[in-house]
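The chains carry the letters A, B, C, D and E, assigned in the order they are written, with residues numbered from 1 in each.
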Amino acid sequence: MSGAVSGKRAAIEVRAVEKRFGNVGIIRDLNLSVAQGERHAIIGPNGAGKSTTFNLISGHIKPTAGEVRLNGDLISGLRPFEINRRGLSRSFQVTNVFARMSVWENVRCAVLWATGHRYAFWKNVDSLPEVRERTAQILDDIHLTHRRDVPAGLLTYAEQRELEIGITIASGATVVMLDEPTAGMSHAETDRAVSLIRRLTEGKTLVIVEHDMSVVFGLADRISVLVYGHIIASGTPEEIRRDPKVKEAYLGEEAH
Amino acid sequence: MTTTKTSTSKIADKPAGDGLRFYGVWLIGIAALIVLPIVFSSGGSLTSFSLIGIAIVFALSYNILLGQTGLLSFGHAVHYGLGGFAACHMMNAVVSHGWPIPLPFIPLFGGLGGLVFAIIIGWVMTKRAGTVFAMISLGIGELVASSSLILRSVFGGESGITTDRTALPKMFGWSFGPQLQVYYLIAFWLVLSAIAMYALTRTPLGRISNAVRDNPERVQFIGYDPHVVRYLAFCFAGFFAGVAGSLAAINFEIANSAYLGAIQSGLVLFSTFIGGTAYFFGPILGAILVTYLQLGLTSVTSVWQLYFGIIFIGIVMFSPGGIAGLVMMHRPLVRAGTLWTVIPSYLVAVVPTVALACGIILTIETIARYSGGEVINLFGIGFKPTSPVTWVAAAVLVIGGAFVARLTWRRIADAWDRAATVARDRGYLA
Amino acid sequence: MLELIVISTLNGVLFGMLLFLLSSGLTVIFSMMGVLNFAHASFYMLGAFFGFQLTKWIGFWPALVLAPLLVGAIGMAVERYGLRNTHKHGHVAELLLTFGLAFAIEEIVSMIWGKSPVDYRVPSLLDFPAFTIFSTNYPAYKLFMLAVSVVIFIALLIVLKRTRVGLIVQAALTHPHMVGHLGHNVGRVFMVVFGVGSALAGLAGVIAGPALVTQSDMAAALGPILFVVIVFGGLGSLPGAFVASLVIGLVQTFAVALNGSLASAFGPLDPSAGPSVLTDVWNVTIAQVAPIVPYLLLVIILIVRPMGLMGTRES
Amino acid sequence: MLEVRDLHAYYGKSHILQGVDLDVAAGEVVSLLGRNGVGRSTTVKAIMGEVAPQGTIRFKGKDIAGLPSYKIARLGLGYVPEHRDIFPSLTVRQNLLLGVKDTRRPGKWRLQDMLDMFPNLAARADTAAGVLSGGEKQMLTTCRTLMGDPDLIMIDEPTEGLAPLIVQQVGDLIARIAQAGVAILLVEQKLSIAMRISKRVYIMGHGRVVFEGTPDELKANAAVRQEWLEV
Amino acid sequence: EDTIKIGYIDPLSGGGASVGEGGLKTFQYLADELNAKGGILGKKIEIIGLDNKTNPQESLVQAQKAIDAGVRYITQGNGSSVAAALSDFVTKNNTRNPGKEVLYFNYAAVDPSLTNEKCSYWHFRWDASSDIKMEALTNYMKDTPSIKKVYLINQDYSFGQSVRTDARKMLGAKRPDIQIVGDELHPLLKVTDFSPYIAKIKASGADSVVTGNWGQDFALLLKAAADAGLKVNWYTYYAGGAGGPTAVKQTGLDHQVFQITEGFANSGNKAAMDYEKAFRAKVNLSLWYPRAVNEMRMFKAAAEKANSIDPVKVAAALEDLKFEVLDGGQGIMRKDDHQFLQPIYISSFGKLTESEPFDEESTGWGWHLVSKIDTPQAMVSTTCKMARP
């Protein structure tokens, strides 16, 4: 899954995408390009359509018009699992883990497809060394090794958010999309999560939605600002910080 | 994480003792199956054991759906029944064509019967989970059961299809006429199926089924199509239900439309839930209890259905995790070594609780037998339903029992809290 | 032929309305509380037996009022002391509770009234043929049943539109605490809803009892078809339940009325072929498949339109 | 108006609140601050009866500790929980309507006022609330509670997950509520808002109140900020 | 063992419960009566009621349970589908467990195949087989010129089907001018409202209906007929069962409902009528099953003849045993197929005369003799090839 063919090709390419619910247009003429290996943040006011954009890219919902490409291949119209199998993985704004399964099982399930075990019903999951090692590694990475046998539903909120990230990156996808990964975390937890994200997405393409500007400005190579379903600005953190449109539509005078 | 490949433990870094214990449980189970008919050799117990064995396979197959994949089916008996019919037809065909297939292989064909139907019907059925699936399964169940009365040439109408298991080629010189031989055949398939179904829970598919149960939406984002997962689980459940059905067909030498019907489907749902869906052995306990009640209650009381209902309501209300949940609740206490602190309160509660139960039984039987005047025999004491003495006894037992029992139950709860706290402190409870 | 059509239509509508009376209560309970109440038909049976007994003691008309109230009270007790505690363990547990309840109720009824049908008669006030068409009598009592069902339908529609009970219950399904924080007494609302649903079943029992059999197995006979009606019509949709009841009532009645089979349409099969699935299918009459038609409809609709005929949501 | 004395609360055996005291006067805006997990949410939950309280809670002079929460709400105590708890299958309008406790006695906030105040909500009045964006949900919950015409409203972390601009809007909303004479107990982490609109602030630590004073006093007291708020 | 246990396997719940319970009470009464007279060969008789829910497989569970509990005699009647399964089961049981043979006394399941292609040495039937009854019934119908259009409605299972095919065949042979205007099969014990069927009968213009319906399937059929005001003649097998007479009375069909049985309350036979009176006084039911009386009495006779209660010996003694039946006349247990041959009666239901003391279900109406068919006329040949041990 290396981008050997063309290192310059965009990891994600959204072209002229529209999404309407009934007759409300939520996403209008959305164009977005995320280069491979880039850390791209999407910011914008609540209800601007950031999560919807995630849903459109990851196949959760289908665009009304326009197309989405992953590493050059058309993926709009594909189902979520098909897109996931092509190396795109996402997390959810609302924690979305397997509540009754243990932390270990949560992560392991996310590892299975990518390690090629798929729907196998003739293999013992416990005796798949590469699955075991990878799971253990991820648990270690997200600092949940000591909680491995706890049902995910019983974790604290911050731990569940961390697990959410763990599940997202477990498949080894090259494109990772995180929807407000630090929402609801304290400062300390946020800092920890940021360094975690930074480390885990090393060498990968990252798309992140965040309202916490310290996270956004600390993490992103490039930022796009989404307002009313349309990207009004795109650029480096510096450019965005200075953009008056952005100030008016999103940051307000309180910008940190 | 430094266990060798030959390690038997479930999770790699658990102590090897777990593996021994794991195999131990299975070996003890198998040994028990072998010696059971020797210890309890009466015809009655043989019959019961055979039926229980069949019910266990059936309930375990149902739990692949309910417990593992989160699919509530009201029509699981369809596969059971079709397995039964497939087995009957196969047996008849073996006899009439003189094929060299001995009886012990027949359940394989029964399983295929259940499987084939699952393969055909499953894809549309498992498109959705939840209520939609439940209702489709109800519809399919009724549909197949009713059609079976119409398609007389396959299902034999009201009277069903009969067969003679002794007419098949012999194996180890066994004719399978005597119930004992049939019992061992059932036991053999029980062990085989149970191992297979247990193994299934430990495979990638098994684990992903659990994930689909918990959160089908999220599963899509880790590369899996929940529809495919549900479909595969449905097929496996269909296969083992078919095996169970064919065992029943072998046992009774008949298959009829009732095999496919709502009552059978309801019964397996009951057994599975009552036993507890969260643990592999739950449905086993449930199947044992339900079959036993079915056989036993009917012969001691005419209003067995009422007790059936009450027992189920009781379990659903007071032990929603089923019997297995009740048992497993104690595991952390055992590990933490605090179980002994609750046992005394259990013992104290036994007397008033039993008294309460007796009171209820006495009341019900008094009403049920009032007109017939038949004597009620409770622990060897005879009560006349028409005598006021009985009424007073019943009232005293119910009211007094309930009063005292509540106190003792509260004591149990307190003792539990204390023991659980200790267990939590020692890290055995999340 | 015309005669058969007219009479069958009348019969079908009547059966449909009876189904509606039963399913209205179940729809109210199922759609609002998400409880698959397997005991609903048992409440119907209780209604019939209470109706029978009270008719003996105090006459039919007081019984018509009193018996549903009694059944409603039992329903409320079931909700208060049973379902409420089970709710937190999920829908399967609730369903099994009502399952067990259905068992127990059937046995209690047969303990008290026996297993044979009781002699529950149409009240003499309505025991005359209302009109005669094509020399067939149409009993006044059946007209009365029709009228009651229609009145209930309209009343329910109005009540449900006007009150916020539906909203409260639906909201409480996902966030019961929050509904409490907004000042609504969730517990009581649930209890009342369940009580009303059960009372409707009871009412259906009181009025259907004299027209059909009043026997301890009457619940089991009717149970599954109710689910067909409410799912077919669309969960939560009262008009849906209404339409579905009529459709199923008519379809079933007309299926019985029709004589056709493939054999009668295309001529008999070659008898030398011997019996096979084909001959079974060939010779079966539409009347014989009548009982399975509703289930066929159910399966088809769920596959093509999982929210049912007029439903708006899937589960 | 609200008087809390020596409030204790437990989750299972863990003692979360260990004697909280606080007061809110009629029409007053008070903030409850503190680090994550100190028990601020638990305090409001205990007041609302969602967590079993031990101690005295008096509202408008009436002891409400141990009452079921619907009764507390009917006394005029509104609560906006931290996880928003919107009813996903109901429409925005229905959500708002459910805030009304008694249809016969409409309060001072009308459905139309709410929709006017938030055009976002107005545009989605008839869509299922479950699909709203995070920020819209927050507005919806607050409005919903207002529909019940509370005399005191407790809002738990209203700005969590909100875009900076919306955070300002929520601040404005709270100010507007306060202007309408409704007392507010605001549970917040973002100091700026709390400092801007509150008359008094409480800071919680280790399950009890460790500081009480005006925003200015808090500003002046770097030691308290250092110890109980900053990381 | 000082008791003889008889397993009574019939529906005690579900749609067949009313008839099943009636049967159980009958057998219990008979057992009490025999016991009061010293039992059989000094042994007391115990009836064990076992609920089979009209389900063949459940019947086998119950039968096995009974056998495990030491039962060597089984009696059953409600449902030929069950009977076929039981007969097969008993046969297998007896070949596989020599020395532990079980006899099956069938008191009501009348599907002809049980004494023809599916006949078993271990099965004995006291009720007249369906074709015998139809033979008698059509003989009577043959001589009733007013019959022009006949409608057949039957339960969709082996018994109902045999009624239907026999009726078609025999009517066709004896009265080719009679038109069969309808031939209906409906699900067994599942229909709750027969109005649609009645509408069809009405539309067909039939003047007579032939039905083998029993239990609620008969009562509800007549109830629906009453509601719709359908006035036709009914030729039935089981109009006398629970709920039937009430429904007939409601319809106002005075002597228009006929029934074919091996005996009935107002048969005029003194002994039988005394018996009926005593039975009603104690059990509070009409004696639906005079054949049950014959069955138990013949059991005793055979056991005494064999001087043993061993099923094998009793079975041998029963073969060709001649017996004076309850309602008078000679009967014989035909050796070839174990079908009991006996006089049978056609009676009609309606207002009673002075000499007819018994009404049904407190309707004031009762059964009245229409025709008696003596044993020699009440037999059809059998194709049974009996496999004897």
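Following the convention adopted for this analysis, a residue touches a chain if its C-beta (ideal position, glycine included) is under 8 Å from a C-beta of that chain, and two chains touch if they have at least 3 such contacts.
All of these numbers come straight from a predicted model, not from anything done at the bench.
Enquirer: Quickly list, by label, the chains bordering both subunit C and subunit E.
Expert: Both subunit C and subunit E are touched by B, going by the contact rule given at the top.
Enquirer: What is the minimum number of touch steps required to go from subunit A to subunit E?
Expert: Contact-graph shortest path, subunit A to subunit E, evaluates to 2.
Enquirer: Expressed in steps between touching chains, what is the minimal separation of subunit A and subunit D?
Expert: 1
Enquirer: Report back the single chain whose CA centre is most distant from the CA centre of subunit A.
Expert: Relative to subunit A, the chain whose C-alpha centre sits farthest away is E.
Enquirer: What is the distance in Å between the mean C-alpha positions of subunit C and subunit D?
Expert: Whole-Å distance between the two chain centres: 46.
Enquirer: Round to the nearest whole Å and give the separation of the Cα centres of subunit A and subunit C.
Expert: Centre separation, subunit A to subunit C: 49 Å.
Enquirer: Any idea how many Å lie between the Cα centroids of subunit D and subunit E?
Expert: Whole-Å distance between the two chain centres: 78.
Enquirer: Calculate how many whole Å lie between the centre of subunit B and the centre of subunit E, each centre taken as the average of the chain's C-alpha atoms.
Expert: Averaging C-alpha atoms per chain gives centres 39 Å apart.
Enquirer: Where in subunit C do residues touch two or more other chains at once?
Expert: 288, 291
Enquirer: Can you pull out the residues of subunit E that are in contact with at least two other chains?
Expert: If we look for residues of subunit E contacting two or more partner chains, we find 12-13, 156, 187.
Enquirer: Considering subunit B alone, which of its residues make contact with at least two other chains?
Expert: Within subunit B, residues 146, 305 contact more than one other chain.
Enquirer: What residues on subunit B touch subunit E, complex-wise?
Expert: Touch list, subunit B to subunit E: 42-44, 46-47, 51, 146, 149, 157-160, 162, 164, 166, 177-178, 248, 252-256, 258-259, 295, 298-299, 302, 305.
Enquirer: Along subunit A, where are the residues that touch subunit B in the complex?
Expert: 58-60, 79-81, 84-85, 89-90, 92, 96-101, 104-106, 108-110, 112-114, 117-129, 132-133, 136, 149-151, 154, 167-168, 170-171
Enquirer: Taking the complex as given, what residues does subunit B use to touch subunit A?
Expert: Interface residues on subunit B, with respect to subunit A: 1, 5, 9-12, 199-200, 202-208, 210-211, 213-215, 217-225, 228-229, 232, 236, 430.
Enquirer: Taking the touch rule as given, give the residues of subunit C at its contact with subunit D in the complex, in rising order.
Expert: 164, 167-168, 170-171, 174-175, 177-186, 313
Enquirer: Which of the residues in subunit C come into contact with subunit B in the complex?
Expert: On the subunit C side, the touching residues are 36, 82, 85-86, 89-90, 92-93, 96-97, 99-108, 111, 224, 227-228, 231, 235, 275-277, 279-281, 284, 288-289, 291-292, 295-296, 298-299, 302-303, 306, 314-315.
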